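Below you'll find a set of structures to go through.
Paired with chain B in one complex and with chain C in the other, chain A is shared by the two complexes that follow.
Let's look at the complex of A and B:
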C-alpha cells in the first residue's frame, strides 16, 4: 500500500486515491492551516497559509527534503511522500504569512460578526505571533454594502483568498464577483450594477474565512459563541440539504449548510437559507383551539386531547369510508406513520391522502452557463419539488393502504360532499386556503387541523392543534434520492405549540415521551421500505433507503 | 578588448531597416530558407548544442525548453513571444522590434518550424507603440510576400503570427502571467506544474520565448553552433548547474554614464569594462557607488564588485540574483541608496499582482518601511525587519507562485547587506530627503 508520512504519523492510500498534503494530514489527524483551499473549489495556492516541507522517502530508507516550503493544497502526495508540518522553517513561514495577512487587517474583532468562528483569529492564536511589527498606517478600503441583496462586504477585513470569486465562477457559474486593483490595494467587487444576487449567493458568506463577506440578515444579530447549533435538514426542496440550525434562547438566527456528500455537498441555496422566517411569524398558533358556536375558542391540551380523540373515534365509527386524512409532504416520516397507525387502527376503510406536492418551475441546476444552457456537470440542484419528505410520506401511505391517494382525488371528494370527517396534518396555503376548499370544508362533520399558522381553514375547524415547525421537532425526512436524514429539535415552538410527533403519540394513547428514534426503529421493523433505519440513529450523513449495503451499527464496524 | 562587431544589432540605424526590402537585401530570411530545408529535430538540436540560454531573465536553456513539449502531440502547439519588456532599465527588445522587426519574425518562424507550431502569439507591452507599428507593418509585408501564411516560402509549412498588445503590467512578463493575460484573464501567474510546455495558452502546449532569443536563433541557424560558442563563458566545471553563457548579448547601459545605450557584447564582459569602454565612464568624474547588473530585480553590485563578469553565472557569485535582462544601471556616488531602494520597493509593490499573500503584503510593507525611513522616522531595527521580510518572500523560500517577489526582495537584501553603513547613518541622522509632495503620494 502506498504510504505517506506526516510528521510522526503515517497513513496509507487506497489504490488510485488522489490526495493533497492537507487532505493526507487531515486523515492523520494533523491540521495544516489554510484559507484559499476549499475541497469544492479549484486550487489556487495563493494564501500561502498551508506551507509545509515536502520530501520523499526513498526505497533505501533515506529521506530527502528540499530546503524550501511548498503549499500543501497544491502538492499531491504519493507513495513515500514525507510531509513536515512542525519544523522551524514551516512555523516561520506560517508566522510570516499570518503577519502579512494581519498587516492591513483592521483587527475590529469586537464588532465583527465572524469573531468566534474566524479563520484569521483561530490561526493567529495557533500559529501567529502575539504582536504586530507594523509601524505604518494600514490601507483603508471602503466597505461595500452593494455587493448583494443579502451580502455586504467589509473590504478591509478581506484576505484575498478569492474563495468567493471562485465560487461564483465555478459553482454558481454566474461570475458576479471579481477582483479589482492590484497588489495590496486589491479589493473584491462586483461589475457595476450587477450585484451578486444569484440563488446560491449566500454561500460566499460561509466560504469567507474571515469577516469580510457578511450576511445582511445575520448582521450584528448575535455573537456566534452564544449560538447553539443542531443538525437538521432544509425543508425548502426535495434536495434535502444537510444544515445546522443556529439558535440562542429559542430564537433561530441562521441556517448554515453542513457537508453531506450524499445529499448536496458543501452548500445550500438562498431559498432555503433565508426561507425560514415564517417560523417566527406573528400568526403562529400558540395553543390548541376548539370550536365553540360559530368561532374558535382557545383551549388547553388537557381538555382538547381527549375531545379530539373521542371525536375522531366517533366519526370514524359512524362513517369510516367518509373519513380522510391529508398528510402533507412537509411532515416527518414518524408523524405520517403515527397518524396512519391511529386512523387505520380505528378502521382500515379510512382514506389517507398525500398533501399537495408543491412544484415550482423546473429543477434549477448549477453552475449556470453564459448562454443559459444546462451545465455539463451539475454541481448543485435546487429542485422544483418544494417539499422535503414526499418520498417518506409516500412510503408510509403505500404500506398502510397499498397506494398513494393524491390530494386532487380527496379534494374532489370533499367538493362533492362525499366526506364527513377530515384530518389535515399540516395544510398547504396555496391549495387549501382557497375559498372553494374552505367552503367545502365547512360542510364537514369533523375537521381537525394540525398546523403552524392561523388560516381560513383553521377557522372552520372543530379542533385546531398547534403544531411545530421543522426546526422545532425531531424526525426523518427522505429526500428525492431516497436519502433518509434525521432532523433535530433546534428551538422550542411558541407558547403551547407542541411537536406534531408528540401530539400524534398521545392521540395513539402511547405512554412515555415521543422519541423520533424509537418510532423510527418501530417503522423500520414494520415497513420493509424503511428497514435500513433500524438503528434509529441515522448519523451525520443519513442512510440511503434503497442502498443494498447491509446496515452495520457503528460500534460493530471493523476498526 | 577589441570592439565587437555587432550581429543582432548589425542593421540598427541603417535607413529603412524595418522594411522587408532592406532586410532581404542584407541577406534576410536566408536562415529561414536554410531552416526549412532541415528537419525540425535538427534545428532543436542545433539550438540545444549552441548553449543558447533564454535572454528574458531566467536564462533557461532554450533548446532544452523546446524538448519539454510532449512528443507526437497532435497540436495545436503555440509559441508565445514575450515582448512585455518591463524590467526597469531594459530596452533591448524595443530596439530590435522598432528597428529590425524582420529579424524577430524570421526567428519566430524558424522556432515555430522547429517546435511544429503553426501559430505564434507576440505579446507586446502596450507602451511600445512604435514597436507595434513596426511589427504590424513587417507582419503584413511577410504575409504579402508569402513568408507568413499557409505556405511559408513555398515549403508547405503554415505559420501565423498574432500581435497582441497587453494592458501594461510588469507581471505579464512572467510566462504564465503572460499566458493568462493572453487568454483575456487577469495576469495572475499559474501554479506549476503543469508547465506551459505541457499545458499553456488555451490549455495547449506552449513555449514562451523572449524577443532577443528569437534574434539569436536566426544567427545560430545561419552561422552555426561553433560561431555561437566561440563567444561567451564556458560552463564552470565546478558548478554542475551552470550551463555556460555563450553568444552575444544586448546590454542596456543606463543611469549615470556618459553614453547610455544598448550595446552588443559577448557574454562575460565585466561591469567595469562595459561602463568604461562602452559607456564612456561616469559623468563629471564622479565615482560609482553601485551598479545594477541586470534590471533592479537582480540586486546591486557594490563599487568593489565591478570586475564581476556579467554572464549568467557571474552576478550570482557576488550575491546578486543573476544576470536578468542585462540592464546595467549605474548609480554614482552622489546618489542616496535609501532613495534608490525606496524607488525599487515602490516599483515592486506597485507591480505585485496581489495573488500570493507574502508578495502582496510584503512588498507593500517594505515600501511603507522605506518611506518611513526616508521621512526621518526610521529605526535601526527596521533594517533587520526589511531583511527578514525580503528573506521570507519569493519562490526561492517557496512562499510565492512566481519570481516577482524574489526580484522585489533581492535589491533589499543586497542594499542592506552591501550598503548597511549608509542606511544606518541615514537613520541615525533623522534627516528626511522626502519632498513635501511625496508625502501625499505614498503608494
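Let's look at the complex of A and C:
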C-alpha cells in the first residue's frame, strides 16, 4: 500500500486514490490551514496559507526534503511522500502569509457578520502573529451592495481567495463574478448591470472564508456564536440537500448546507436557503380547532384528541370504504406510517392516498453552459418535484395497500360524492387544494385537517389539528434517489402547535413519548423496503434504502 | 495566540512555622486591631442622605451609552457586552446604518434598540470591559429608584441621557478615546510595533509569546 507520512503520523492510500497534501493531512487528523482551496473547486494555490515542506522517503530509508515550502493544495502525494507541517520554516511562512493577508484587512470584527466563524480570526489565533507591523494607511475600498439580490460585498475585507469567482464559473456556470484591477487594487466585482442572482448564488456567502460576501437576509440579525444548529434536510425539492438549521431562542435565522456526498455535495440552492419564511408566518395554526355551528372554535388538545379519535372510529365503523386519508409527500415516513397504521387498524377497507405532488418546470441542472445545452457533468440539480419525501410516503402506502393512489384519483372520488370521511395530513406550505376540492369537502360527514397554515380547506374541517413545519419535528425523509436521512427538531412550533408525529402517536393510543428513532426501527421491522432504517440513528449522511450493501448495525442500540 | 507554557508562573503557598500553625499570633494580632478601633474615638458612619459618600473612581453604578463626536450613539451593536454579561440583562437589536444618510457616514451597523435591565444587572463591569469601542461605561450613579420593574429597563434613549447627565460632572470622565472600532481600526495611528490596543512596545503583551517569530 502506498504510504504517506505527515509529521509523526502516516496514512495509507487506497489504490488509484489521488489526494493533495491538505486532504492527506486531514485524514491523518492534522490541519493544514488554507483559504483558497475548496474540495469542490479547482486549485489555484493563490492564498499561500497552506505552505508546507514536502519531501520524499527513499527506498533505502533516507528522507530528502528540499529547503523550501510548497503549496499543499497543489502538491499531490504519492508513495513515500513526507509532509512536514510544524517545522520552523512552515510556521514562519504561515505567520508571514497571515501578516500579508491582514495588511489591508480593516479588522472591523465587531461589526462583521462573519466574526465567530471567520477563517482569518481562527487562523490568526492559531498560526498568526497577533500584531501588525504595517506603518502605512490601509487600502479602503467601497462596499458593493449591488452584487446580488441576496448578497452584499464588503470589499475591504476580501483576501482575494477567488473561491466565489471560481464557484460561479465552475459550479453554477453563470460566471457573474470576476476580479477587476490588479495588484493591491484587486477587487471582486460583477460585470456592469449583471448582478449575481443565479439560483446557487447564496453559496458564495458560505464559500467566503472571511466576511467579505455576506447574506443580505441574515445581515446583522444575530452574532453567530449565539446560533444553535440541528442537522436537517431541506424540504424544498426531492434532491434532499443536507442542511443545518440555525436558531436562537426558537427563532430560525438561517439554513446552511452540510457536506453529504450521497445527497447533494457541498452546496444548496437559494430556493431552499431562503424558502423557509412560512415557518414564522402569521398564518400558522397555533392551536387545535373544532367545528361549532358554521365556524371553527379554538379548542385545546385535551378536548380535541379524544373527540377526533371517537369521530374517526365512528365514521370508519359506519362506512369504512367511504373513508380516505390524504398523506402529503411533505410528511415524514414515521408520520405516514403512524397514520396508515391507525386507519388500517380500524378497518383494512380505508383508502390511503398520496397528497398533491407539486412539480415546477423541469429539473434545473448546473453548471449552466453558455449555449444553454445541458452540462456535460452535472454538479448540482434543483429538481422539479417540490417535495422532500414522495418516495418515503409511497413506500408506506405500497406496504399497507399494495399500490399508491394518486391525489387526482382521490380528488375525483371526493367530487363524485363517493367519500364520507377524510383525514388530510398535510405539511406542504403551498399545497394546492382547488376551490372545487374545498367545495366538495363541505359535504363530508367528517373532515380532519392536520396542517401548519390556515387554509380554505381547514375552514371547512370538523377538526383542525395544528401541526409542525419540517424544522420543528423529527423524522425521516427519503429523497429522489432512495436516500433516507433523518431530520431533527431545530425550533419549537408557535403557540400550542405540536409535532405531527406526536399527534399521530397519541391518536394511536401509544404510551410514552414519540421518538422518531424508535418508530423508524419499528417500520424497518415491518416494511421490507425500509429495512436499512433498523439502525435507528441514520448518521449525518443517511442510508440508501435500495443499496445492495449490507447495513451495519451499531454495536449499541440507543435505549 | 494560545497561552504559552512559559508564560504561566506556578506559585506555591508558603509553609508555616510552629507558632504560625497554632494561629495564636494571628488571633492576637486581629484582637489588637479591633481593640484599637474601640478606643480611638473616630466616627465611621455617614449622615446619609444629607452627606453623600465619596466614591472611588472605579465605582460601578448605572450604565451609560457614550456618544461620538458627531453625536451619534458610539455603540456599533457588536453585542460583545450581551455576550459577556453573566446576568443576561442586555438585549440589542442591530440594524444596518442607512448608506445615503450623511449622519451615518462611515458606519455600517448601529443598535436599533438597546435595552438594559438595571434590576437584573449585577454591576460587574464585564460589559464595559468587553466593549471594543468604549461605548458602554458604568457611572457613579448608585441611587437608582423606580416604581415599576419596566421603568428600570433602560432603553437606548435613557442610557444616552445618562451620558449627557454624567459626562461633565467630573466623576465620570469619558475614560478612553478610542476610535470608531477600537484602536485596531485607526489605520493612521497604528503603533509601529505592538498589538492593536495601545500597549507600549516594551510591554509583555507586545512580545510574541512563542519563539519562531521574524523580528524586524
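Here is the rule we use: the second predicted complex is superposed on the first by the 546 of 559 C-alpha atoms of A that agree within 3 Å, B and C clash if a C-alpha of one lies under 4 Å from a C-alpha of the other, contacts with A are read in each partner's own complex, and residues count from 1 in each chain.
Basically, a contact is a pair of C-beta atoms (placed from the backbone, for glycine too) under 8 Å apart; a residue touches a chain by one contact, two chains touch by 3 or more.
For clarity, every value in this text was computed on a predicted model and none was experimentally measured.
Superposition model on chain A: chain B and chain C are shown accommodated side by side without a clash.
In the superposition on chain A, A:106 contacts chain C only, with no contact to chain B.
Residue contacts after overlaying the shared chain place A:408 against neither chain B nor chain C. When both complexes are overlaid on chain A, the residue A:225 reaches chain C alone and has no touch with chain B. By the document's definition of touching, of the two partners only chain C reaches A:88; chain B does not. Seen from the CA centre of chain A, chain B and chain C lie at an angle of 80° in the overlaid model, rounded to the nearest 10. Contacts of A:96 after superposition on the shared chain: both chain B and chain C are touched.
In the superposed pair of complexes, A:128 makes contact with chain C only, with no contact to chain B. In the overlay built on the shared chain, the residue A:79 is in contact with neither chain B nor chain C. Once both structures are overlaid on their shared chain A, chain B and chain C have a minimum Cα-Cα separation of 5 Å. Once the two complexes are overlaid on chain A, the chain A residues touched by chain B in the first and by chain C in the second are 92, 96, 133-135, 137.
By the touch rule above, chain B contacts chain A in their complex via residues 169, 186, 188, 191, 349-358, 360-365, 368-369, 371-372, 379, 382, 385, 392, 396-401.
Residues of chain A that touch chain B in their complex: 43-49, 51, 68-71, 74, 92-93, 96-97, 100-101, 103-104, 133-137, 139, 159-160, 179, 181-186.
Residues of chain A touching chain C in their complex: 88, 91-92, 95-96, 106-111, 115, 125-126, 128-135, 137-138, 143, 145, 154, 219-221, 223, 225-226.
Against chain A, the residues of chain C that register as touching in their complex are 1-2, 76-80, 83, 94-96, 99, 108-109, 132-133, 181-182, 184-185, 187-188, 190, 192-196, 206, 208-209, 212-214, 216.
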